[in-house]
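Next come two complexes built around chain A: one with chain B, the other with chain C.
What follows is the complex of A and B.
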């Protein structure tokens, strides 16, 4: 993101065309969501035809100040991917919220924190320690750390503040719609765009997708479940026909919102849960855990303990891979002295949220 | 529209008010909790005045929700729901919070208890606002009843119901009904002959037009609920056609294979491979024991088949699985004998002349293996002295903590029989003499007069290692006589161990099938130990006799009759209302993952292959919530326990944390950093 001054101001361009204005933004995420937008292939031309793209830093030059200058509500739709980890991202979320009529949390990171949210198991200091301190490929004998403000002879250098806790978009600003997936599938992106263009939108706060889970789209044969052992993917080559969970693989398809067409199970790989929970489910991981523990075929506490520790050595990584930041607990506990600005654990949310599920979750936390 | 909540905080005399400042809680709720329209405290909320106060408030203030902070909903939820109903408010819009058991009784600090009570009231208020009106469902009661267990308790229940004109299915695991009583000789305290009082009841049951007996059968499966259970019975093959057999007994007589009968004869006598356990068995139809029959062992013989005059022996008979519809179930599966080998110090199984109480019962029985003669293991020598040891496997932390309740009396009965039939000296080694039923103490006095010797103390050991010449060839009972305060060694010829009554080994399994629970030891748990001793926590399932706890015949009979009376009450009523607190599956949300499919303890969930969704059979669901918690798609809703209700309740309980967390503003990052790379 290093916009050059030569870009024409988006506001002028769009006002000329009269088409709805579209913005896309990228916060704490891997960039896959940006690629996913391009993966709608030639339809991107239809998007370009239907919208005035006023801001898309990944693809085209743009200035924040131009957005700042736009009237509030001047952008029709903003597809925002990524969670909120830094002060800059927080600012941009607030800015784009103000300027956009419709704000879409695009992809798992914005929706529920995703992989960057797993860092909520650590504090800012621990993350810095891993990255700038004792990382395996790091040489930093002076223990330098990024500073928010640095004085140099040339002038002041500023960096965004890095928060203790990654927040989802709706824990930061109210969100109108959610497009789940890591990344969202091209087809679903297109459907969402179509819906927006045609004005056929469901009530605000809706996650755009089916209201059932991946099993519904999975062609595998399934029966009553009884699990005696969990296997990890490298330990077995599952048969192609039977439900993977029944073969001992932790398939999150049972709890994950449908919409992907059961992509992973169709290629003999268990669903890892990237579409997040089904409608009105406040905590994805809790659902997975209660479901799996209900079908364990074991009688003694020792046996249960063995099945779980042998088969699921990293429960948070398995059950909250995508949703830790959006879960009821949101993060591991911070020791008092670690609490930094904006990073006050689960209470970091400063806005009412759009999603009923998350609203309940945050209500419960309060 | 905002709800109007009424909050009623009970003093429960000093039960609650002694530890919780109830007036403060009520005042605080009225002033601070949103949507609370009325908040009052009162001495006894459950009294008619308390009830009237709530009823009047609902009418006068147009309350839409009611919270009662008092005792356990187990005790008074019905009461306060009724109050709401009387005031035309749906009873499910009333919420109780238990500030007695959960707060005052478990607290020592008045200030802290008061804060906790406030949190509990806040939780209930937040919850009740989310509660929805529910309507109970009505179910017709099937007049047929299933009785499991054909001991005296089960027989009594069967006869009461059958005589009143209702159909009964009686399931007994053994080849004949009768239970343990059929094995006894005399019964205490009156010493009337056990068979003489039992067999008329057995044959009455056998011939009753309203009774269908399934002997040599077990209960396999139960589904449904009160009023309309579906049960499946596993009828094991007898290899004798019940329709053709006349009970003549020729097959038994001719069967060449003789084996020790360690069930009915307690190992003292023999039976054939084809047998009826005893002469007065009901039904009098033999069974073939496939583990001892020569045909099943080696493919030879079939003498019984050849010699049966009616051609009733049927080696091709198969097990049957019979499905029945019943409205109620009475469990009367009785007790099992403690295995005396678990206490090796008493020598049972090692020392020939140590007997169990049940062996001794058979020995005394004129129809038993010794023809009623009391003799040593050699089958002929009459003992000159007999020791009876109480509490074997009872009242002992290493085996069973319970008192078996009948062995003291049975020991006295044995003492009488020994002295009546032989000239032997009889010693009773007891810890406490428990003779606390009608005419029992008198029986004890009688035995004291008859000259039975009583030694108070728990026996340490029975041994054949003699220390003195007079101990040679005897069994020596080593005991501390606690009345005299010294160790004694008493040499005797015969020792009888009063083995404990234990629950059936499969009691828990059967309990799970019927949805009832057991104590840690394995006795079935009644709904209330004092006020509801034959009902269970599962509506429509009753218990009777010793499966509920050790007891004598009169108490078993009384319970059998009581259970039958309860069932008749249900049948006469015609219909029962069932709780609307049930689970339901929203089809659009269900992915058909089948996680829930075999979780339901009441088999209330079915899978629709065609649609690929699961479904709750409402009339069978008990609202336990198991499936609700398990469904990974969040497709199952437990009425009265929705996410919304529970999360609101939690939010309410955390009202003070909430209040302090709401205060600090979101900390801001250094302002300069906000748009660092922005322009």
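What follows is the complex of A and C.
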């Protein structure tokens, strides 16, 4: 089960069929990354010409069995999007890690959890309650919940086990490269593919993108900032020239890795941080908080708290919209009954015969 | 908010606190407490920083993520900062970080801001004693336990491996 330690230099040497093998997979994601791959338009034909696409469940038929039968390292490049929320996704992450020479965390979900990671503010039971219990369009008087194991006359039926906490790909298996963005922009995808094809790859562990922030790509005029009030996007129509932060909007461009060309600020909408933190930043939200504190124009606790309560009623959602799962704290605190082996969020399988081998294989990077 | 030790005081639990104390006031207050032989509990690991404004929220989050039961940030009184006004930034950063941490389910007692001048050894010792007792009452934090899935995860992973192995044998 152990992911094969990768060789130090990535190689996309030709396989027997002459072309390097490419796999694309999705886990806990929305499907936008799959569409983003197609957004490179006609260049997808170049991808098909350069690679032998062996596995891409979203667009073509393929069987997990065929991947399992491949030799370890048999896939040259795997673009993996989505976070890890279920046992099945963790299994696929381990499988594709083992079979791939180069594993790319593709898009914000695999990179840092993204929107699915915001559900780390809830426990499994709370999520199930919202989805299968008291959802507005849900009628479930018997309080049915998905079961990991169901006995039927024909035999056992298994469903994946749903985790309390969504993990990023690199908290699950070692990752070679990261392509940021929700979704990654077409030109950045193409640049990454070109780099892979030509073998001109940076050191392993690199996020494929610039090492500066969105502010550097933003054409708006900036001056010294003094913020007396944070406004929410529906409360104001910002002028189109001045820095959005100066106009009181929480623009995450100050902390977000560049590479998008400041797409959102250019259309009068604040950056929401989908490219994640800049290089060497362990916690995106910490950067946001420390930067905003410097420009807040208030010097008493009461005044500060008033500005924050009125302007940022959901601090985790604002500071960690894309990066909660990858942040230092990873999730909100679970209540007592939910912590540790005692917790059973109505997901009903037998308790644990934990195998150290499996645990080791899935040990988080940090 | 409940926690692993229930609501009862837990006299055997020794909280591990991290304190970021500024060089010019609060660290000197701790020095003064020392040379004045003021007694206070040894639960706080003190880290000296040049200014409380140097305390990046990352430091606090890292401390909690590595298993600290609480974090104190201490600096000069507002208006008395050695670097003119940096402790006002500390104040804003503290309340911003605190609101975030409250939303994440942390009790406010576990993250405290204290102003102590170089002459206030007794006040600092009192603040540390008070915080130690408050956190002792709350019990251990054990933040990393929040993301350790229970044993069902391993069970489910093994089940998938078995299922796939059986399917491979059938299809062979």
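Convention: the second predicted complex is superposed on the first by the 319 of 366 C-alpha atoms of A that agree within 3 Å, B and C clash if a C-alpha of one lies under 4 Å from a C-alpha of the other, contacts with A are read in each partner's own complex, and residues count from 1 in each chain.
By definition in this document, a residue touches a chain if its C-beta (ideal position, glycine included) is under 8 Å from a C-beta of that chain, and two chains touch if they have at least 3 such contacts.
Keep in mind that what you see is a predicted model, and the values were worked out from it rather than measured.
Within the superposed three-chain model, A:226 lies in touch with chain B and out of touch with chain C [touch as defined at top].
In the superposed model, A:45 lies in contact with neither chain B nor chain C. In the superposed model, A:158 makes contact with both chain B and chain C. Residue contacts after overlaying the shared chain place A:131 against neither chain B nor chain C.
In the superposition on chain A, contact is made by A:148 with both chain B and chain C.
With both structures placed on the common chain, the touch criterion links A:298 to chain C but leaves chain B unconnected.
By the touch criterion stated above, A:277 is placed in contact with chain B alone, chain C being left untouched. When the two complexes are overlaid on their common chain A, residue A:216 makes contact with chain B while staying clear of chain C.
Residue contacts after overlaying the shared chain place A:90 against chain B and chain C alike. Chain A uses residues 1, 64-65, 87-88, 90-91, 148-149, 158, 160-161, 163, 282, 287, 290, 294, 340-344, 347, 350 to touch chain B in one structure and chain C in the other.
Of all residues in chain A, those touching chain C in their complex are 1, 64-65, 68-69, 87-88, 90-91, 121, 148-149, 158, 160-161, 163-165, 167, 282-283, 285-287, 289-290, 292-294, 296, 298-299, 301, 304-305, 308-309, 312, 314-316, 319, 327-336, 339-344, 347, 349-355, 358-359, 362.
Residues 1-2, 63-65, 87-88, 90-92, 148-149, 158-161, 163, 211-216, 222-226, 245, 253-255, 258, 277-282, 287-288, 290-291, 294-295, 340-344, 347-348, 350, 360-361, 363-364, 366 of chain A are the ones touching chain B in the complex. For chain C in complex with chain A, the residues that touch the partner chain are 1-4, 6, 56-58, 61-62, 64-65, 78, 88-89, 91-93, 95-97, 99-100, 103-106, 142-143, 145-161, 163-164, 167-168, 171.
Taken together, the chain B residues at the contact with chain A in this complex read 588-599, 612, 626, 629-635, 643-644, 647-648, 650-651, 654, 657-658, 661-662, 664-670, 672-679.
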